[in-house]
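When the chains are written out, they are named A, B, C, D, E and F in that same order, and each has its own residue count from 1.
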Amino acid sequence: MDELLGGGIPRGRVILVTGGPGTGKTIMCAQFMFNGITKYGENGIFVSLEEAKHHFYREMANFGFDFPELEKQKKFIFLDASPIRHMPEEVQIGRIRVGRGDFSIDSLVERIRTSADMINAKRIALDPLTSLTLQYADISKRRTAILDLIEALMMRDATVLVTTELRQLGPQRSVELEEYITHGVITLQTLSIKRSRLRVIQVDKMREREIDLQPKPYRITEKGIEVFPKENIFE
Amino acid sequence: MDELLGGGIPRGRVILVTGGPGTGKTIMCAQFMFNGITKYGENGIFVSLEEAKHHFYREMANFGFDFPELEKQKKFIFLDASPIRHMPEEVQIGRIRVGRGDFSIDSLVERIRTSADMINAKRIALDPLTSLTLQYADISKRRTAILDLIEALMMRDATVLVTTELRQLGPQRSVELEEYITHGVITLQTLSIKRSRLRVIQVDKMREREIDLQPKPYRITEKGIEVFPKENIFE
Amino acid sequence: MDELLGGGIPRGRVILVTGGPGTGKTIMCAQFMFNGITKYGENGIFVSLEEAKHHFYREMANFGFDFPELEKQKKFIFLDASPIRHMPEEVQIGRIRVGRGDFSIDSLVERIRTSADMINAKRIALDPLTSLTLQYADISKRRTAILDLIEALMMRDATVLVTTELRQLGPQRSVELEEYITHGVITLQTLSIKRSRLRVIQVDKMREREIDLQPKPYRITEKGIEVFPKENIFE
Amino acid sequence: MDELLGGGIPRGRVILVTGGPGTGKTIMCAQFMFNGITKYGENGIFVSLEEAKHHFYREMANFGFDFPELEKQKKFIFLDASPIRHMPEEVQIGRIRVGRGDFSIDSLVERIRTSADMINAKRIALDPLTSLTLQYADISKRRTAILDLIEALMMRDATVLVTTELRQLGPQRSVELEEYITHGVITLQTLSIKRSRLRVIQVDKMREREIDLQPKPYRITEKGIEVFPKENIFE
Amino acid sequence: MDELLGGGIPRGRVILVTGGPGTGKTIMCAQFMFNGITKYGENGIFVSLEEAKHHFYREMANFGFDFPELEKQKKFIFLDASPIRHMPEEVQIGRIRVGRGDFSIDSLVERIRTSADMINAKRIALDPLTSLTLQYADISKRRTAILDLIEALMMRDATVLVTTELRQLGPQRSVELEEYITHGVITLQTLSIKRSRLRVIQVDKMREREIDLQPKPYRITEKGIEVFPKENIFE
Amino acid sequence: MDELLGGGIPRGRVILVTGGPGTGKTIMCAQFMFNGITKYGENGIFVSLEEAKHHFYREMANFGFDFPELEKQKKFIFLDASPIRHMPEEVQIGRIRVGRGDFSIDSLVERIRTSADMINAKRIALDPLTSLTLQYADISKRRTAILDLIEALMMRDATVLVTTELRQLGPQRSVELEEYITHGVITLQTLSIKRSRLRVIQVDKMREREIDLQPKPYRITEKGIEVFPKENIFE
């Protein structure tokens, strides 16, 4: 991974992990977190917008990521933010009414900050961002909301991964605005190459890094995501 | 099938079976149910949103699936949920008004739970999910509704298959949100390969399993769906 | 045709005939009707949503289908349902107001049933379904309406053909919901193959039948639609 | 042309001439009219929705079509229907208000009938239909309006040509509903074949005729439209 | 150019020049104007909807088109119509309110006529038409407005060029209605041919002319637009 | 770069830099600014709509662009315009209400002018324009707003770069109106060529310049953007 990224993900930045269904976006976030804690002593927070805690723990145990242990050691916090979707459409705060979208982002940021302070977190993952941004039908407000969220997350001197879901497959796809607003973009895809389907990772953007643009094959094995940076997918 | 799935469908998960018209989505669900009951002693519930009971029974008899017998033995329940579409747009419950979509999902989940308790069901199929989700025009509410439904279905420690219909054919197709929210995705398609039309099955996603990404040919024969996992569709 | 269909169209089912302009959807329905009456003694009803009776009779006489004679023998009824389009947008029935779409489908089904009872019809054609379904802009209501119509038509133990019009040509076309809701789908297309334009028929779906998926050439001759099931369109 | 059409355009039918810009739709209508009057003694009416009379006359003189002379002989009527577009959005007739679309079609049909009676017209052209149908944004109302117009025009035992404009170029184009509702479809296109741009005519549909499906080259020369039915555009 | 057009642009007609960004639509208009005045003694009016006078003059001087001199000789008028966009949405005239679109077109036509009378103009260019037509969101009103504008411009026995902007690149592009309503269409594109990007001009339509359909290369040089009609872009 | 542009970007013009995510639009603007100040003595203003000052400074330091030093020397001003997105939807000014879009553009232009006067700026960059234009859902108002902004920026006898984001990738992409309204267009893309992904720069339009249309490879290195104008990307 580090070779692709020209030396790891830069500190203080928000990086987008985008990909089709089943390409391992959640696994990549968990692996980034687990390695950070166990190899570099960087504590982490996983903010889950959809998956429940026990499901996440059980699934990640398959890859040898023992998050319950890390949680016990106060090196890891799992923030279950999925209740956000049960909030009413509008919330009455004093004399003003706030839409669910704005309120949930504000309170979510608040909770992430408090948790990050508690364990001095250096790595944060938010999975999936889609769950928050879908609430803004108007593209201009959606952009403002994502910009605000990213700015808020940047205040922590930590590296942040956020995931989104590709809405369209194929070469003519439209570009989602999250790809412009975040500071780096990693794309995970399943491509049909040489009469076989292959998982392919590609770095499209990484501020402050000289990246390798070439797509590389990867596999989801019992150790998590394994990238093969020496292989050319076309040869 | 098991080879493709890296060891069967994981327990406690909701798996999406998506495919074009006539690709055998309903047959796959019925076969999964029938094999579960007769080979593994896992009782099952088939929740039908559109097809009536006698039609389902008659059609499945063609494949040797004797559901009336299993029903008599209290190993199988056919839940005819098709009346849901005759419900009024809004329902008045006490002092609040609930939209048809929300109400029908709540009451449906309630009935599935009661039925599952009665026969200790380990396999559940819901066919097609489309009939429920089309009621939500707003994509954000639709996501919330499907997430709630899937969460509710996961509480039973059973394996759940839900079916959806591909809205667009071809390589540039858009990704439906159901493919992201469910824990596994099996795609059934009719492809034009080597100047001939071929039925092809492919596993795109399966949490907790190391899957075989390659598409495999299958046929709908008198025994139901037969997959040929050793064959490469391009050779 | 029977070879393609794996033994004829199953009784008690609603089959969709979909195709581009000029591919012979109406001729296929008429031929199915005429052969049913003259070869198998199965009486028939042709429900026309757009074409007037004298035009239909004149055009079908070109293929040797003598419907006026069959009508005289009380073996065939032509139901001219085209006045439906002149109905007002809303109809006042007692104290409730019903939209044109719902009312026209209900009254149409009523008339089809009465007619079917009169001659003990075993074959029914409805051409084109599009004329009814276009009235529902909302996709959820449209699905409900078509499901209701198909259920109502299935109550007669007869085989039913309905026609729809392809809205888009080419391989990337979107799938219309009628293709999922009906029990069988026959597609008629004009394709550009080997530098020549060719009429091609293909069976995409047929419940209770093991179908031949391969597309076959056909021609519209003086005898009606002639399929060449032994020919491969690519050789 | 007659070879392509399997023996000319059938009497009493409404035929669609559809094509891209500059493909000669108006010329084809004028030529059909001029030949009808001068070769077959069939009088004609040209209903122009956009082009003014003197422009039409001047342009057609280039092809040797002397319409002023035919008009003097009472064999031809040019109906300038272009003022329709200056009508107000709604018209008050007695106590009801009628939309421009409905009113303009009714009054147009009325004028066409009166004119047709005056010279016993056997050929009618309406160019372009688009000008009328664009007024109906709702697809269901648009279909009803076109069906009504075509039915009204069919009452005259005459052959009717109507023109429409292709909204999209290329093989994946969507099918306009006019192609389904009319009794025949002739398509005029400019295609890029063998590294050169070529005008190509093709008959997609013609009720009561066994047509030649193959596209044929044509040119717009000083004599009007010249089709080369013996040539294959790909050789 | 004249070879392509089969003998120049016909008098009394409105010709559309459509093209992608940077293809020289404005230069083509200016060149048409300059050559008309200096070579054929046909005075001209350039109606600019967006570019200011001094910018136009400065840019065109690069190609040796000395418009200030021609203006001094009363052979050329530059009509700066760009203030139209600062008009309020609606204008109150006496007791009726007129939309900006309708008003601006009427007053613009009025000014063009007055100017044309002053110098007996035989050539008029309006650049870009898009600025006016974008004001009509409804396609039916937009068509009416453009038809009215074109009719008004045709009353002067002059040749008129109007420019529009291609909204989509590539072979599957949709056809804009301006291409149907105007009497001729010249398309300017930048194509990728033989691994190199090339400027290509093509005449799609020209009433009263037998045109050369083949695309031809052109360059924007210090003399303006230079077409190479003998070259085939594919060889 | 200068070779591609036919001699640099012309003075007094507004040039669009458009590109996909991570293609270096911001770097190109900064480099243009830095070179202008250090090599040609042309002071500059960077108007940032989204990126905060310290992030911009830190990132550009990677390329050796020492903006803090230039700022100290009063040769460079960084205008942080990102607070615009926190403005309320409408602003009450005296008795009239102004939409956020219009107000923010007016006040932004005002600030740019004041700043430009202070340091006699000859180079201005506005990054990204998208942040302003997304506020106008209506295409006609959006065009007017951009035209006004560009006109306002042109009054300074300075060269202006504005950036926008490509919304769609691939050859069939739609053209954004900014490409027509600005005086030059530079496109930055990541293309898949010869089985490898390559960064490619291309000049599509440049008023007053004879440009080289061919796409050229570029790299983002430690010196910023390096173009290789002698290389052909296809060889």
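By definition in this document, a contact is a pair of C-beta atoms (placed from the backbone, for glycine too) under 8 Å apart; a residue touches a chain by one contact, two chains touch by 3 or more.
Remember, it's a predicted structure, so these values are computed and weren't measured experimentally.
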Margin query: Please report the smallest number of touch steps linking chain C to chain F.
Written below: 3
Margin query: According to the touch definition, list the chains common to the neighbour sets of chain D and chain F.
Written below: E
Notebook entry, point to check: Do chain E and chain F face each other with the same patch, meaning over half of the contact numbers show up on both, or with different patches?
Noted result: different
Notebook entry, point to check: For the sequence-identical pair chain A and chain C, what is the superposition rotation angle on Cα atoms, to the nearest 5 degrees?
Noted result: 120
Next item on the list: Between chain A and chain D, tell me the centre distance in angstrom, where each centre is the average of that chain's C-alpha atoms.
Entry: 58
Note to self: What's the distance between the Cα centroids of chain B and chain F, rounded to whole Å?
What the structure shows: 50
Check: Hey, how far is the Cα centre of chain C from the one of chain D, in Å?
Finding: 29
Checklist line | In chain D, residues with contacts to at least two other chains | finding: 171-172
Check: Among line, ring, star, complete and other, which one matches the pattern of chain touches?
Finding: ring
Margin query: Looking at the complex, which residues from chain F come into contact with chain E?
Written below: 138-140, 143-144, 147-148, 151, 154, 171-175, 177, 179-181, 184-185, 202, 204-208, 210-211, 213-215, 232, 234-235
Margin query: So in the complex, the part of chain E that touches chain F is made up of which residues?
Written below: 20-22, 50, 52, 55, 58-59, 62, 82, 85-86, 128, 130-131, 134-135, 137, 165-170, 172, 190, 192, 195-199, 220-222
